[in-house]
Every structure is written in structure tokens, then in C-alpha cells.
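Labels for the chains are A, B and C, by order of writing; each one numbers its residues from 1.
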Amino acid sequence: MNIKQHIESIIFFKGQPVTYKELAKLLENSEEKIKKTVEELSFDYKDKGIHIVYNEHECELVTAPSGSDLISNMNKQEVETELSNASLETLSIILYMGPIARSMIDFIRGVNSQFTLRTLLIRGLIEKDPTSKMPLYIITLDIIKYLGLNKLDELPNFKEIRQEIAQFIKNNSKDAVQ
Amino acid sequence: MSTDFAVSTKVFEGPLSLLLDLIERRKLLINEISLSQVTNDFLDFVSILEQKDLHKITDFLSIASTLILIKSKSLLPQLDLSNEEDTEIEDLELRLKLLQIFKLASKGINELFAKETTYSRLQVKKQVIYFTPTDQIDVLKMKWFTDQVLHNFPKSDKKPEKRVTKTISLEEMMNKVINRVHQHMSISFNTLTKEHKEKKNVIISFLAILELVKLGNVEASQGNTFDDILVESKDPHLPSYGTH
Amino acid sequence: MNIKQHIESIIFFKGQPVTYKELAKLLENSEEKIKKTVEELSFDYKDKGIHIVYNEHECELVTAPSGSDLISNMNKQEVETELSNASLETLSIILYMGPIARSMIDFIRGVNSQFTLRTLLIRGLIEKDPTSKMPLYIITLDIIKYLGLNKLDELPNFKEIRQEIAQFIKNNSKDAVQ
């Protein structure tokens, strides 16, 4: 078995997000190599009934989005159907700017986001960045799954919006980002 | 206009959302000019909020003070702002521009969200369960972890949206601006604003006077710095000027 | 989605053998057509890390046999490694508060506990309360013995801690629903 087949096998078996770190350890390979292989795999699966979703840290095997009607009828797990405006706003800040500190989220929204963040954490839509010592928030794979994507940058204008934001912050204020 | 605000009071999550909405309603771009134009509307809203929703007011006051600063600056170009005040204004513009991007982006997210969801496997192959504890588990550790959870409970249970910006009372804010302006033109409005009990009205009067001075409709004169100031109509025949 | 992709999607999602009869009903197609498509699918997967096994009546998605050493290795590793702080925290909450629903554990901890619960279940540290219709988690007898306890109320500050947590839930239950 080659590394690609091994990854397929493991993430199928696990049935939940698996980190590149874990895969790298199991397969005695570098995280970069794992990540690159996952990207290839995701591409291989793009026309299949199963997809691979992934982000910077982890990946998971899931059902393809276009069959969601049929699958949702069989599903007994809890799913989100709607998000409040506060949740949506906070989520999109983390989505486009994450990893991001709570102080920056509060700065942009002009209100205290403690409770909104807590709600999103409880629902498993965001998590604390495991690679950072400071408490920084990132989105979980669940968001990508709810959006029916393989990865975040498939969102319309994802890169452009990220760039626009970075540019704004760079131009505008020396000390806004702390 | 007041009823319009009253209806929408609940909708706004915070001062920045409100401010953005005021600017967007007038189809303006985010800059000092538009901010200065919506200042009075913003203060109107704050005064409604003051009566209804006291614990949210502090969030709005800090933004109100920045707005009054901007407005004063637009009326009195010679007003010299400190670095801190300049940063405050720049930051406000940046925050609004970012919030505008995110509000738009979150609409896009909302359209996609939970429409074509993908699913994990329903059932992972049943594994044989072997009892595998570790020496990390003992009574004291379990107690310690529980205590950690208790310790991390969010404290402000009754006030979900605690203020994040620095606290400043309406009064302090007003005095701050007045003192800044005082250095540039000798105007005081003690007598003029005495009948106003609401602080917001004092501020509005103040801004109105500034605007009239700028337009040349009134003249302000003063004996010495910090003396009371006389505000006189320049032309007695001129009808009273509406300042919106 | 074509029928092949639908079958892939469904058998992946189910994670157990699915009969042609069931698939035929779900996809409004004949059992023969389903069976033929499954055969094709099985061929498509022959070089992958996941295989499709099938007989006259049913089919199932499984890990490829040549990777089985790695998988069993992984299983072993999973139960032999140290528990994360998140797992220990979840265990302690179930110890003090069980029988308890997952939503309550999430609410008390302020984060999603889905994956940590799975780890604790696999290691035999917690189980689902067999006496309850709702899915409630309790500590296993093994762990009570392991801790050297006869009864749970011998735990330090048992009553006080239960009360404090109950109070927190009561005070915040409005937020919990949002």
C-alpha cells in the first residue's frame, strides 16, 4: 500500500476528523507530505459519492454534498439548520481572519463576543487553535461540511476577501491589530 | 425619525452595527464626512437606548465620543487633534469597513449554510471495548479537573454583552470635547444649554452652535478664556437657520 | 448525482452492510441494476485504501485488507496513549454529574465533547446508561473500582460541586437554548 491508500484507509476507518499530525506519526512521514497527499486525494474524489474535506490541520471523509437530500433523510444526528446574526457575523470573521484572538473579534464587532464564541464552541463550529499558545479561534471542519465544500478557499471570492481585509488592516492602522 | 429608531432598537447588536446601518441607509461611503453626517442620528438613538437598555449604553458612549470629535473637527477645521484622537478616528473607520465586509460575507455564508451539507459516517465499526485506564486518573485529579470547569464558567451570566470599550460617561465625553474646542475658539454655552436636562441635547446644541458659527450666522464673543460666552446672531434679519 | 455516486454515498454513510433491496427502494431502481452498479463500483475501488465487499444480497465499504496491520496498530495506539486534558475533564464531569446528556456536558464545559466522548467510550471509561431511553452517559463500574470508591458520593465535595454546576445551568439555561 502506498501512502495515499493508507491515508484513505485510516480516515475511512476513523469516521471523524484526523489530524495531519496523527497521520504523519502513524505513517512515519512529514506533515507536509501528508497534507499534500490529502489534497491530491480530495481531488481524486471530486466526482465521487464520497468527498474529502480538509483544512490546515485535519481531514475527514464525508458524503458528497449533492446527495445531501437523500442522506439527510437517513440522518439521526443533530444538525444545525440556522445561525443567528451574531453567530454568522462572528463565524465569518473567524472564517476569513482566523486564527484570530477574541480581542480582535470584539474590536471589529464593537460588542463583547464572549457568549457568541461560547455558543459556537459548544456547537463544535469553532475551536481554539491547537497549535497556538495564545487563545486563537479557528473554524472546525464542520463548517466546511455545512457549507458543502471540500476546503474553505472554494468559497466564492475567498482569497480576494482575505486579501482585501489584510490590505485594509495594513493600510489603515498601525496598532489596530494587537 | 424617533419612531423609526424605536422600532429598530432591538435589531442592532452594538454601536458599530448601528453606525454602519445609518451610513448605508444614506448610501454613503465610510469616511469622516459621512460619519460626521450621521452623528446626530446616532446620538438620537443613544438617548432612546439610555431610557430602555441601560447596561448596553457604555458600548455606545465610547463610539459617540469619537463621533462628536469627528463632527467637531468637520465644523472647526483648525481643531488640532492629538495622536490618540487621530488613531481613534482611523480605528473607527477601519472597524466599520471591516464590519461591512463581514456583514456582506456572512450573508453569503448564510445562503450556503446547511443547504448541501455533507455527513460523516453514521456508524463507525463497533470496536471491542477493553478497559484501558491510565495513571492520570485518580480522585484528586478528577476533582481538580472539575474545579477547573467551575472556575472557567463565564462570570457575567446576567449580562451577555458586557462592555468592551473603555468606559466613559456622557458627561466626561462632553467635557472632553468642549475643552478641546475651547482652545480654538472661545465659546461656552452654559447659559444657552441650561434648560436642557438631557445631556444629549446639550451636545446637539453645542454642535448646532458650532455649525452656525461656521456658516457665519452667529458670532461668539468672550472676555477672557473660561468666561461665559455670548453667542449673538450676526444678522438680526436672517431667519433662524435649520441645522437638521 | 448518478446512481453509482448515490450508492457510494449511502454505503459510506451507513457504515454497515446495506442490502440491494434497501438501496433499490431508496434510489427507486431495480435490485439488479443496483447489484450491477455495486460490482462496477467494487472494480473502481480495487486499487484504493477502501474496498467494497459484496455478496448476493448486500454490500459494504471496508478498509482494504492490506492495510489491516496499520489499522489494528492504530487501534492499539488509540487506547494506549495518555488521555488529553479534554478527555480527563469530560470524564470528571461525567463522574460528578452522571447520568448526563451530551448537550449538558457541552454546555458545562463550554466546548463540543463529541470526539472526547468517543475516546472515553472506546476505552471503557464511560458508557451509555442502559436504564435510560435518552442517551445519557455514566461512568463505568470498572472506573469506580479503579478510583477505589464504593459510591460516587464519596468523591470530594460531591454535593457542593453538583449543586454549583446545577446552579450554573439554571442561571444560564436561557442562553443555552440560543
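Going forward, contacts are C-beta pairs under 8 Å (C-beta built on N, C-alpha and C of every residue); 3 or more make two chains touch, one makes a residue touch a chain.
The structure presented is a predicted model; accordingly, all values stated were derived computationally and were not measured.
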Check: When you take the mean of every protein CA atom shown, which chain's own CA mean is nearest to it?
Finding: A
Note to self: As a test of understanding: of all chains, whose mean C-alpha position lies farthest from that of chain B?
What the structure shows: C
Checklist line | Distance between the centres, which are taken as Cα means, of chain C and chain A, whole angstrom | finding: 21
Note to self: Taking the mean of the C-alpha atoms as each chain's centre, how many Å separate chain A from chain B?
What the structure shows: 32
Check: Can you give the whole-Å distance between the Cα centres of chain B and chain C?
Finding: 46
Checklist line | Per-residue overlap in chain B, given as positions that touch at least 2 other chains | finding: 119, 121-122, 124-125, 154, 160
Item checked: chain A, residues touching no fewer than two other chains -> 13, 15-16, 61, 63-64, 66, 71, 74-75, 115, 118
Next item on the list: State the interface residues of chain B toward chain A in the complex, per the touch definition above.
Entry: 13-17, 59, 63, 87, 90-91, 93-95, 97-99, 101-103, 105-106, 108-110, 112-122, 124-125, 154, 156, 160-165
Note to self: Under the definition above, what is the set of chain A residues touching chain B in their complex?
What the structure shows: 13-16, 51, 53, 60-66, 68, 71-72, 74-77, 79-83, 85-86, 88-89, 91-93, 95-96, 106-112, 114-115, 118, 145-148, 155-156, 161, 164-165, 168-169, 172-173, 175-176
Notebook entry, point to check: For the complex, which residues does chain A have touching chain C?
Noted result: 1, 4-10, 12-13, 15-17, 26-27, 47-50, 61, 63-64, 66-67, 70-71, 74-75, 84, 115, 118-119, 121-124, 127
Item checked: Residues of chain B that touch chain C when the two form their complex -> 119, 121-125, 127, 129-134, 136-150, 152-154, 157-158, 160
